[in-house]
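Sharing a structure below in structure tokens format, with a few things to ask.
To keep things simple, chains are lettered A, B, C and D as they appear, and every chain counts its residues starting from 1.
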Amino acid sequence: MRNECMGLINLNKKGDPNIDKLNYSRPIASTPIGGRYRMIDFTLSNMVNSGITNVGIFAKEKYRSLTDHIESGKDWDLSRKKGGLSIFSPENTESQNMYQYRKGDIYNILSNIDYIKKSEEEYILVAPSYMICNIDYSEALKYHKKSNNYITMIYKNIENSKTDFKGNLTLNLNSDNKVINVGSNISAFEGLDIYMETYIMKRTDFIDVVYKLSNNGDYLYLEDFIIEEVKNNKIGAYEYDGYLKCVKSVQTYFEISKDLLNIEIAKELLYSDRKIRTKEKNESPTIYTETADVDNSFIASGCVIEGTVKNSIIFRKVHIEKGVNIDNSVIMQNCIIGEGAQLQNVIFDKNINLTKRKELKGDENYPIVIEKNISI
Amino acid sequence: MRNECMGLINLNKKGDPNIDKLNYSRPIASTPIGGRYRMIDFTLSNMVNSGITNVGIFAKEKYRSLTDHIESGKDWDLSRKKGGLSIFSPENTESQNMYQYRKGDIYNILSNIDYIKKSEEEYILVAPSYMICNIDYSEALKYHKKSNNYITMIYKNIENSKTDFKGNLTLNLNSDNKVINVGSNISAFEGLDIYMETYIMKRTDFIDVVYKLSNNGDYLYLEDFIIEEVKNNKIGAYEYDGYLKCVKSVQTYFEISKDLLNIEIAKELLYSDRKIRTKEKNESPTIYTETADVDNSFIASGCVIEGTVKNSIIFRKVHIEKGVNIDNSVIMQNCIIGEGAQLQNVIFDKNINLTKRKELKGDENYPIVIEKNISI
Amino acid sequence: MKKEMLAMILAGGQGSRLGVFTKRIAKPAVSFGGKYRIIDFVLSNCSNSGIDTVGVLTQYRPLILNSHIGMGSHWDLDRINGGVYVLQPYMNEKEGNWYEGTAHAIHQNMNFIDSYDPEYVLILSGDHIYKMDYSKMLDYHKEKNAKATIAVIEVPWDEASRFGIMNTNKDGSIYEFEEKPSNPKSNLASMGVYIFEWKMIRDYFIKSEKENLNYDDFGKDLIPTMLQDDVGMYAYPYKGYWRDVGTIQSLWDANMDLIKYRETLDLQDPKWKIYTNTMAMPPQYVGKGAVVNNSLVADGCMLLGKIESSVLSHGVFVGENSEIKDSVIMPNVKIGKNVVIEKAMIGEGATIEDYAIIKNNNNEINVVSEYEVVKSQVALEGGLK
Amino acid sequence: MKKEMLAMILAGGQGSRLGVFTKRIAKPAVSFGGKYRIIDFVLSNCSNSGIDTVGVLTQYRPLILNSHIGMGSHWDLDRINGGVYVLQPYMNEKEGNWYEGTAHAIHQNMNFIDSYDPEYVLILSGDHIYKMDYSKMLDYHKEKNAKATIAVIEVPWDEASRFGIMNTNKDGSIYEFEEKPSNPKSNLASMGVYIFEWKMIRDYFIKSEKENLNYDDFGKDLIPTMLQDDVGMYAYPYKGYWRDVGTIQSLWDANMDLIKYRETLDLQDPKWKIYTNTMAMPPQYVGKGAVVNNSLVADGCMLLGKIESSVLSHGVFVGENSEIKDSVIMPNVKIGKNVVIEKAMIGEGATIEDYAIIKNNNNEINVVSEYEVVKSQVALEGGLK
């Protein structure tokens, strides 16, 4: 009944991913996705749905949108007396000046190590915010406990790895599912085992690693350490076989938006019993007028739909006026799409006011991204 | 019934006050005071008790302790759907890079001006965190509305101004209580009108001022503008006549700690119907053993008192062992004072572990301050 | 902790005229408008009017109402001094008393009200759909120096005989109250919204108790008595949308009203939000070949069929080739393929199997109970059950 | 939403043996230990044991209990799925039923329990002071493959005849239950803490309803029946501090126990915190010339007199030259100057005027009601009122 694993969402990773204009003023973790979510909702909900009730988010910068989104953690049932949700950042720490010359997640974690030390869970699960899936980590934890691994890395076998997950880390496994080495997907082979940048280890081991690394200065990032540590044969791997998308570019963002319109993927990701939770906003239901014509689209609440929407994702409180044609696009919160506008292959960030009869058209593989808060 | 004034607590003021070691890792606003409070609790509670339900805190740096303390604002009844509590800081803003070369509160406020713009209250009250008092701002607001002042500054007439409020701003008033000029208390005269750095104006006027000043670059700090604006004869003053202490040095901190032991001052500040609220911690009641000997002291909950305590303030969860003698001191949260220790005129920050039979003695006017988290 | 005015919401009734929809839950907890429950409207009105202390009086199957309201945080009513309290009947040292009527329910909770020492008490019904700023009504009450103020709305003259009608003097004071008069002298109908001076009504309760007067109902007992005593009772004229949703027909009507974009009750007005206890649901998905027109659709719906002039609540699934028209589909209803539904209200969690047909030819409203399973090909004929 | 085990706390009784302290409030809501209410102990035990769904059954003056518990956030029990619910009697379509006994109260809330589809139900009393990890009891229950497990505690043999005594076999199974036996065969007393398989007890309720068996009480009806039916009932031995505080004497005793620093119940143990709905109060002030020894003092007290071996709750004022000894002072009591109080319990909000003397010579506990005013120089003699 009581919990044995804490969660750590690491937003301070090496090689910060970036979705173009969408990440000018927000980290990838709080990028809106899927009509009403932010990216981090997936990892956060996966943790909660796996019975984790103590989650630390280690942020990097521009995290105002993140704290606004998460608030007390209540919408994820993480507003607790014991455990619950904590957000840490390099700036927002008591010892901010102490390690200011050191970049890397290790020093961010070190600055807030007390939080991890005073937690009581036996294990810690570390995950990023941009690996979008609906996973039951408790199965991975069971596997970890049974296997006696020092660290268990979670991966997925990808059939089309020549085209998908380009540049991601791959695991080289032996027949025991021990990790022999870690490589990169250079798009040369199919069927690779893609590392989900998610791992489980003992909390006390984790603390030891952070201390050791920051003292020795061998690595700045935890992941670098793990990749080296593989050689000692103590690291195993757990296979996940559900839907997975690594969202860290405009292309992958656009791809997952299309994937969601596949009803089977939507059911697995969003309509599952393992609910993806997000900040509740209390919008009214969406109104479809007489002239509305919607096909194969996700529509969030609070919208007014008077025009035509196909193969698109429409966020909360969007007004689509008469005569509008939207195809293959993503329109975020609070946009107003003026009468007669024609949109294809575009991604609109929040609060865009598109005046009447405008036309914007991107390519299927290179959608146009429009930054938030502007009028066109 | 609905609210007409919002509150702004400005922690980003010119000439940052500093209480020595107590402010190494926290701003003055979150300095522990009075056994269970933080400095900012006074301004915050005064606002709430005056019917203000929309409060913005404009922080500067090292504000981790502040966000930890305030959380969602629930303990001040400020966890609301509409209004409630918001914390802003130069780092924690979406447009953090935009005004990075400009210091001063104006740019911090400008970066978050949307918050003030979308508020609906007619007036705004701006106050600092270090003017400790229990004041009903709604009386000042009534006065402001009646007087038709452009700005109403709040002040207190100080009898012993040669010794108290050294260096504070003073108001030069005419018989109409209009402000003719602003000066400084150079400790040469008694009976000065000390400016409480608290003022009221229309919210829309405030926004105009912030826009104008940041565009012109005339001033970096709002207070500088007001001091100049006085010349235009549109600024009036409201007199407060309760207890007041401007806490911005070790001496004034020590003075207010002694003041609190004056039962009349304690009643006015802490035992009033206008309650000072703080973060609730759910400690057990305090245990006084057979050997306890306490006189003229404030003791918070969760303590164990086995020794002698005179003229002192003891924060939560302090353990005072047998044979200890504490006189004229402030001992903050979680300290352990080992058997037989002798303490006089000291200020202990949090989590100090004093081993057995130690002796520390400061002067009545120059108390010894010991920084937190150490073992002696 | 002194309060100027607190609100007491009468949410007690079973609402038997709502038939199958109130088997498990009290009337004010019935689903409405896609994502709301009926009581959300008065609760939101209270919150938007600046009232921070609310008692909700109920005694019929309160579990869902209780968990819906919780601590009131969804309505911004989770307050350190004040907040929202569900008040059920309880036992004192001698006995337990069920609520015998609207006034009796308030009377039983005198201790609760006294603990806030209010000047005024606002009495509300939990089953009306409207937006109203009660603080303006209080201003009116004070301006008139009234002891009692009753909100009234003009109804069409030919419908006036279905309402409680207030006959007023030119200054707004009420000289007569007629319950469903056959020859109405005015068309000002009582909305069941009262402001009373607490001290006055408290005295009536004490008198009632002492002298066994059984002032149990506001409309039947207390208001006529006050009129007789000439306490100073005024009518506060309200203009705007207002509906009593106490019957199947009126509940259906009010749902249909919402479809008319911004013509009746604007649910999207940011200045007067209707709050509710939101369910965490994914966005709605409108599938390939689906058609949605003239409808209100809540989160979590997955629509593969044809929807016209209907209200679809959260978590509704509509299968391929199904056609839904002029209907209210309550939360979490599962509708299979090739189903036909016309002019119906389908209760929470019902299942309509493939090829089922729910329609009739006499223009009555078809009703399916909560959690009912309607089998394939089974047509429910005959309207109201 | 499936739950492995939920807890139902019986908090219904008036607790008439607590006399003046339960005039306004139910027994579990009575002030205890300086800042707590009695029910805080079981609620904290639930929270600390990882139980996240709790029903609190009550029907006697529930207002204070209700507002004390709120949404349970103080006990970390405000949860999206689950949480704490105060369950009062309600009306169904046919009738309203007051709770007729412990088992009947659970029976009336079958729908609530069913909605969580639990494997096990933990039944608790709201008026016991102890710390217990119920998850360990559940482990024991599973290990024994039991259908019912009853927590027992060893009591002194000479007191055993005052308790419900469980006679067990070597494997812990119970073969006999004797209520207050004159010749006890064992000293294992029931703590009133039961784990049942929900399916089994549910079947008993349905049978009771169908066959009019009136299984209304656990101790009198259901447990003897289960023993007869040989369902598989085990005793779970508990060691540690445990007190029933159902009488004035036991309430005073348990308060006095707390004074003994870390000898009985450690209220400061960070691993098993006792949570409560904390009042916002200033720190306690011990004035010039005041003396405080051997006592437990809560926030907001202002002490100018002499306090010895007493429990002082939040917001208590003690004037100069007053002497308080061996007493329990409940919240917000105002004690004037030159007062003498010995071996007393003073109810919430009472006022003791200057020069009043509250003591007696026959070593009985003096009692002052909530909000009572004790006048100057008036000695209350004779103990229990």
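One rule holds for everything that comes next: contacts are C-beta pairs under 8 Å (C-beta built on N, C-alpha and C of every residue); 3 or more make two chains touch, one makes a residue touch a chain.
Protein names from UniProt, one per chain: A, B = Glucose-1-phosphate adenylyltransferase subunit GlgD; C, D = Glucose-1-phosphate adenylyltransferase.
No experiment lies behind these values; they were computed from the predicted model shown.
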Of A-D and B-D, whichever chain pair has more C-beta contact pairs: B-D
Maximum centroid distance from chain A, chain identifier (CA atoms): D
Whole-Å separation of chain centres (CA-atom averages), chain B against chain C: 46
Interchain centroid distance [CA atoms averaged], chain A/chain B, Å: 40
For chain A, residues that touch 2 or more chains besides their own: 79, 81, 282
Where chain C touches two or more other chains at once, by residue number: 78, 80, 275, 280
Touching residues (chain side chain C, partner chain B) in the complex: 4-5, 49-51, 75-76, 78-81, 135, 138, 275
Chain D - residues contacting chain C, complex: 14, 23, 59-63, 66-67, 70-71, 73, 78, 80, 85-93, 96, 98, 111-112, 280
Complex contact set, residues of chain A against chain C: 34-36, 75, 263, 266, 270-271, 275-278, 280-290, 292-302, 304, 313-314, 317
Of all residues in chain D, those that touch chain B in their complex: 33-35, 74, 259, 261, 267-268, 273-276, 278, 280, 282-300, 302, 307, 311-313
Residues on chain B engaged by chain C in the complex (per definition of touch): 1-3, 77, 79-82
